[in-house]
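Take a look at the structures listed below.
Two complexes come next, and they have one chain in common, chain A, joined by chain B in the first and chain C in the second.
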Partner chain A sequence: MIWEQLQDLIRSYPLALRGLGMTVMLSLISLVLGTLLGFGLGVLRATGNRFISAAIGTWVDLIRGTPFLVQIFLIFFILPELGVELDAFTAGIIGLTNLAACFICEIVVAGIRAVPKGQIEAALASGLSLWQRMRQVVLPQAMRVVLPPLVGQYVLLIKDSSVVSAIGLTDLTRVGWLAVQRVPNGLLVFAIVGVGYFLVCYPLILLARRLERRMSAAHGEVKL
Partner chain B sequence: MLENFSFRTIVEYLPLFGQGLVATVWLSLVSFVGALAVGIVLCAMNLQRGRLLQAPAKIYIDAIRATPLLVQLYFLYFGLPRLGIILPEFVVGILALALNSGAYLAEIIRAGILSISRGQVEAGVASGMTYVQRMRLVILPQAFRVTIPPLLGQAIVLVKDSALLSLISVAELTRAGQLLASDRFMPAEGFITTAACYLVLYYGLKGLAGLSEWWLGLRPMGSRA
Partner chain C sequence: MIEFRGVNKWFGPLHVLKDITLSVEPREVVVVCGPSGSGKSTLIRCINGLEATQDGDLVVDDKRVGDPATNMTLLRTEIGFVFQQFNLYPHKTALENVTLAPTHVRKTPRAEAEKAGRELLAKVGLADKFNAYPSELSGGQQQRVAIARCLGMRPKIMLFDEPTSALDPEMISEVLDVMIAVAEEGMTMMVVTHEMGFARRVAQRVVFMDQGAIVESGTPEEFFSAPRTDRSRAFLSKILRH
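== the complex of A and B ==
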């Protein structure tokens, strides 16, 4: 019985591969865009004037305070009413990029605040412009603090991409949902789907752990 | 079409959102208590020296952390009936949330326990305390203190995660928004109201987390988080 179901599922591997490809594509595009946007927002929030900083902070709070599923529904069902036509993939990219930017913004802000004040004062005294200060003094040092949680955040975002299946995008989760209508064995189907995500996420989890160990070792902290 | 934004319809549906809010709160609460139980057991297993208990806990935590909650939810929702276990949707939802958050809580509790300096443990040993006494009287009270704020952080994540239960048709906040959206073709009204309700919960829990940090003496009142 299980053997036949497994064979049935194996025969539909092109669909599964397409789903996995969709998940990877959606995550990759959103993570690249979200990282760029997140770093921009983070620098603005940490160095901009109070008004800009407060505006970004409020937006980040609104996004962090609501479920991603609700955000996806808002984007997918309301943007068309405003005259923007979009499909599930575009809605997913917009939603996931925005989510990534907001979380990464907070990580970057924490990283910038962790750089000792003296460093910034020294850069100021050396006559460096804001851009030079950021690029040559602050960000390289902030990266030590930023990198481990950044990779951890990537894992969370890749997993969050599964939520986009709720608006009908045929990603890996949606493929599982479709398969289970045909092969009535949820344990088998979603175990396979889970393995797909595991293959993508687990290497990143290991990388995050490694970075964390290395960073705390570099700071002379002893980990028990 | 947003110029026709209908506050009257929202007011009409307010009782439904009220029920949804209550449902989200108690579903999250029950799940969080379950997650604490799962987390404590996993953490205790993980801190043992022997591999026999440590390995399963580590594998479980990694498996949960590397797969999406939605997939875990579907695994239980479509999988349990297969084993002959027929449960109401909301029970499946609570189970999924507790099993998922438990893995994260285990790591939070572990970090709290490991943050206690070795000297404390050694002082306990030198005072002739048994393992249980050391845990109960020295380590856990101190670990508890540093663990409260991240526990509240995970509670915020859990409340937001509970929105996924609407996908297996559990009647909660997001479901209320979906109903308004589909009954009246008013997605804006439905989902903005839903989002507003979640924000109330979010700011409440966030305030509580800030308060707890101040109360536990982890940071002075009014300083930046």
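== the complex of A and C ==
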């Protein structure tokens, strides 16, 4: 019985691969964009004026304090009411990028604040501009604090991407829902879906662990 | 070169600099001393704008510090600052610490900056440590790299904030020797220190501060042999006792 169901599921591997591909694609694009945006927001929040810092802080709190499902519904169903037409993929990318950026912003801010004040004073005293201080002195040292939680956050965000199945994107989770309609064994189907996510996330978990071990050996800057 | 005219500064309700008037001429070496909390570090941190003043005029190299019209980043390139805790960049080698500002701020070509950096490190006695990271250097070596890092910008003024206070006693003289060499080349210097041997040897003037005010100012000879105030006498008896 289970064997037959498994064979049936294996035959539908093109669909499963499509779902896995969608999950990987969504995660990859939104993590890259979210990381860039998150670093930008983090630097602004840590160094910008009080108004900018407070505005970013409020947005980050708002996004961190509401369920991602609600955010994705708002983007997908409310924005078109305001005249912004979005396909499900774009809505998913926007939602995930925003979510990633907000969490990464907080990680980056914590990293920047962990750099000793004397470092910034030394850079200031030698006439480095704000951007040069960030790029040459602060961020390389902040990365020490930032990298392990950053990679950990990637894992959480990849798993959060399953929520986009709710707006009809055929990601790994949605493939699971589709398969269950044909093969009525939810346990088996979602065990396989779980394995799919695990295969994507596990290398990142290993990377995070490796980075954490490297911290103590580094001279303040961490190279991958 | 450096001129304070009636400068005042407060940290909240705390009046940390009281009506400071002081002028430092080009090529002059001034030692600032006084009990802890007397405002001497704050005094020199105001010169390159690490601290803001609230009242009075502070003119450095003909530019008014704190004036919105003054480009502080540019002014700071002319002022070297040596910190008590060295503050070397831990992720960069000794040579990279020295060449960072010249290559990025002065836009010196890398090869030229590295050549100058090696010469400076050799000059402070670290010819064999170009590629060492700060964590691989002793405190005295780190402070010498920090001095070389300042000299790399060819500053007009060097400020030292208790440069030997964080060092083990056996490393103090190696740093002082470098500072003496810099002074003898004609650098304008303000040095917050209690190293009275250094003051006697190279300073033209000793400024004694207490509770945020300049209490006494004179040649090292006058200050050490005939201090004029009770507070400076009490201070000297404490630091020269042993």
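Things worth noting here:
Convention: the second predicted complex is superposed on the first by the 215 of 224 C-alpha atoms of A that agree within 3 Å, B and C clash if a C-alpha of one lies under 4 Å from a C-alpha of the other, contacts with A are read in each partner's own complex, and residues count from 1 in each chain.
The criterion applied here is as follows: a residue touches a chain if its C-beta (ideal position, glycine included) is under 8 Å from a C-beta of that chain, and two chains touch if they have at least 3 such contacts.
All of these numbers come straight from a predicted model, not from anything done at the bench.
In the overlay built on the shared chain, the residue A:180 is in contact with chain B alone; chain C does not reach it. Judged by the touch definition given at the top, the superposed model places A:155 against chain B, while chain C stays out of reach. Of the two partner chains, chain B is the only one touched by A:67; chain C is not. In the superposition on chain A, A:82 makes contact with chain B only, while chain C stays out of contact range. Using the contact criterion defined above for the overlaid structures, shared-chain residue A:163 touches chain B, although it does not reach chain C. Once the two complexes are laid over each other on the shared chain, residue contacts for A:121 go to chain C alone; chain B is not touched.
Looking at the shared chain after the overlay, A:141 reaches chain C, while chain B stays out of its contact range.
Contacts of A:202 after superposition: chain B is touched, whereas chain C is not reached. Looking at the superposition, the partner that touches the larger set of chain A residues, chain B or chain C, turns out to be B. Once chain A of one complex is fitted onto chain A of the other, the partner contacts of A:29 are absent, as it touches neither chain B nor chain C. Across the complex, chain A is touched by residues 1-2, 62-63, 65-72, 74-83, 114, 118, 160-164, 166-167, 174, 177-178, 181, 187-188, 191-192, 194-195, 198-199, 202-203, 206 of chain B.
For chain A in complex with chain B, the touching residues are 61-62, 64-71, 73-74, 77-78, 81-82, 155, 159-163, 165-166, 173, 176-177, 180, 184-187, 189-191, 193-194, 197-198, 201-202, 205, 224.
By the touch criterion given at the top, residues 116, 118-119, 121-129, 132, 136-137, 140-141, 218-221 of chain A touch chain C in their complex.
On the side of chain C, the complex with chain A involves touching residues 48, 50, 73-74, 76-77, 79-81, 83, 85, 87-91, 100-101, 104-105, 133-135, 149-150, 153.
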